[in-house]
């Protein structure tokens, strides 16, 4: 069917030569050694570092950067710039063929990129989750007993960094890439090549972070505070490169999303008919575009401190660790909402379908999303209430932090009122959405303790704050991530996931999640600091309880994996086009969606929430063939 | 099964998108990337004023740390001039004076490259190193990343100039299919009339290059004047 | 039961709404005082100092204020999910009523949440301004308790990986033990020699980051003699997990004799100490490169 179909299949060896994943890996490794060599020519290895006299951070950074370039060129990202450089005209797409091979290379089809993201992020989620299991294993006993302290810190840091870095794109990567063009009636994203680039940047970042174990790991946790960052051994470089690449990937992803939603909406899709999921994506993307560059800049400074011996963060050299803390949290707080907002959007998008009612208070929920987007810029110093920075400004940051609960409350109100008097049914995606209410409620209420300075003095840096952000991020984002998987994977793959196993997965996960993180509030209140390998022996019972619950939580995620693989590889129950009876545009298309999405760009005639109202089709094919926003 | 799409439809139908849509994409992309760039350099502005106000260990700016104003002004002037020329080139292109635009574009490119070269010369002749206190750190960090952004924008400028030069005899119309960037196996272009994209590209570039030049002026004011 | 009511009553919404609201108000009125009274006193960090007491007070208030909103969401979910579930009498894809919003409910919600938020911020600020609530306040403490001029100065120095303490009013001696006199207002100067640490004296309700080159001031008013746990609460490198200690609050007579004993014990090494200063800036012992 494809016009690009290969006429005669060449032999295997011939197909392995060319721009593909194999070439990419070869060039990536080769680039690493080239960069390593160049770095050693430019700068000598440090000799005064007593831990590792061969440490040459310049060589390591060069290796990572040139290796990354080699990897991207090997995938074929160099072809387009090279031909543009020679003056050939622009084009949109590359290698939009069918078949399994397109998932393992550069492909500009937004649906392929979405599925690539789903598997890629899933892989790193698994690695990060495994780290969490190791952490809880170590915390079974109040003293260090399995891992030495350095390895323990590396595990903690890798868990945090992996999760915070990868899951920034956890919803926008797989689901927004796949669904936004379908929801707004477009055939592609605004910048298809950039879309593919964001995915491969993220994957290279993940691989680079994993290489930290060859360089002794890193001791700073996901925040990478200076001056410990500057003092740390070579494993720190992997952290810096990882997070900078994640930042670039995030920024480009957000840019692509905003440009797509602004310029590519189908005729008739006015702003007040835009699905709430797209509003959530839009507000998240705004935060991504503006916050991620600050992260890249601050990591650039950290890189210069570690290589060129600048003194941005060294108080003895005219710098200040406060600079790092400020800049990191100027990024870091919007980042927290980059993780939370897509969850809000998914809940609000799914509830109308399962309540068979229009979304209650559409404008209010949009106002809630945008209000959070705005306010999240004004609160960063609540992360550093006890650090001694600007202590007289703390009442302001206390107020601005607590103000965020007003727009967040809009989301709660709209979600809850959508349920009221509906015709509720409870398939797996609905269960995960309802769990969001409970988890985010606890996460939000515990956040009040952290926003209030006197209470924060007790809870800051303790397991209380750790429990708080796991309730908001895991309870808020990961639960809705699973809601989205159970809801949209039938559309993406054409196969239903097993409902009964899904319900077992949900209940096991919901109960063990609360049993894991609920007691951590008490543990934190009782004085256990985060990231410490030891704790008071009186807290051992609670910690063991948490560890065992965490293992059950891990098991529930394995159960999901079994369900996922079983349903998609073995059972293969074909999904109907619209199994949930949704009115949204993507469900009006066949499952899985054909390569080009729409024969003719549709004309949107109503918003996707008109349940119970006089109904026509939500969209009809537009009279002319191709077009953008009306 | 759906009236909107069917699996049996030929893939050919996605070929030939209207270039206006791409122009809009490019334009919004350039504005968004400019916002991202602004926030990137905001970190350096913040670092400058924060470290200056703290002056830890009296190492903000020891006496001998004094980069040459002449070099700084030359770099800034070259970049601003190049951005102005691109703007003028855009006006010429709009007025249909393609040959003039091509000359202006080449000169703008040369000026931009000269700006980068002078910046590199300044680094080697500056008389202090990155380890000499807070100001020196901010100076080297800021100028280094400024050069990176400048090189990226110059690459974009080069693409547009190169396309204009290569197809200087085509007024509009499609080049041969094999010449489309990207997949060489594609029988036709996926954009109809891809050469007409030079104008929207130039418009977005002109905006973004002006923005980067503005940042150059900002860095000149902050790093050299105050 | 509600299904029967729904089919006969023309406006079932008011019925359900009222019933839920009454249930919620009754539950809140019962639960909120119970939470404040029975849970409040057990909240951390205890009654070891005036600041710790403030935090307990703050924590119990916050918990009490949160009870009604928390109950609202949980009870609403419980009520709505039970009452409006599909009972098989109508089709699963049968649409509900097309209610798109209600301006009165929205306004009421906004007013109530804003009132709660403003109250919380005002309450927290008031508590903070009293005496700094035991948190680190930086070199120029903005919120000082009454009588701060006469406070006893004690310096806390974080270094990888222990805390040491200097008493400037007693000749600037440095000891590895923290002992404070009872019933005294103490001004702790928290600083660091290398990475960022955080001085967390749990029982005293004190937490302040130790930053290199920064004098982070905390006021704490000790009460009766007691022991308290000290931990580092900011990741500071390899042995962060082992950076803990026990501090003591003792009667002022015992404090005087203890400090004399320390002075004589450390006399042979005290002369090598750098002179007391609010910050110290040693060159870093390691940098990457």
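Per-chain numbering from 1; labels A, B and C assigned in written order.
Criterion: a contact is a pair of C-beta atoms (placed from the backbone, for glycine too) under 8 Å apart; a residue touches a chain by one contact, two chains touch by 3 or more.
All of these numbers come straight from a predicted model, not from anything done at the bench.
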Checklist entry - Centre of all protein Cα atoms: which chain's centre is nearest to it? => result A
Checklist entry - B-C or A-B: which has the larger count of contacting C-beta pairs? => result A-B
Checklist entry - Once you find the CA centre of subunit A and the CA centre of subunit B, what distance in Å lies between them? => result 29
Next on the checklist: I'd like the Å distance between the centres of subunit B and subunit C, where a centre is the mean of that chain's Cα atoms.
Outcome noted: 48
Checklist entry - Out of subunit B, which residues touch more than one other chain, so two or more? => result 56-57
Next on the checklist: By the touch rule stated above, which residues of subunit C touch at least two different other chains?
Outcome noted: 213, 281
Item to check | Touching two or more other chains - residue numbers and ranges from subunit A | outcome: 305, 309, 315-316, 320, 322
Checklist entry - Can you name the residues of subunit C that touch subunit A in the complex? => result 12-13, 16, 43-45, 51, 54-55, 58-59, 62, 66, 69-70, 73-74, 76-77, 80-81, 84-86, 90, 92-102, 105-106, 109-110, 113-114, 117-118, 120-121, 123-125, 127-129, 132-143, 190, 194-196, 198, 200, 202, 205-209, 211-214, 216-217, 229, 231-242, 244, 281-289
Next on the checklist: Which stretch or stretches of subunit B touch subunit C in the complex?
Outcome noted: 56-57
Next on the checklist: Considering only the defined contacts, which subunit A positions touch subunit C in the complex?
Outcome noted: 43, 46, 48-51, 55-58, 144, 149-150, 152-153, 219-221, 223, 225-228, 230-234, 236-237, 305-307, 309, 314-316, 320-322, 355-364, 384-392, 394-395, 398-399, 402-403, 405-406, 409-410, 412-413, 416-417, 419-426, 434, 437-438, 441-442, 445, 448-449, 451-458, 460-462, 525-527, 529-534, 536, 581, 610-613
Next on the checklist: List the residues on subunit C that touch subunit B in their complex, please.
Outcome noted: 213, 281
Item to check | Partner subunit A, residues of subunit B touching it in the complex | outcome: 1-14, 16-18, 20-22, 24-25, 28-29, 32-33, 35-37, 39-44, 46-47, 50-51, 54-61, 129-131, 133-138, 140-141, 144-145, 155, 158-159, 162-167, 175, 179-183, 185-187, 189-191, 194-195, 197, 201
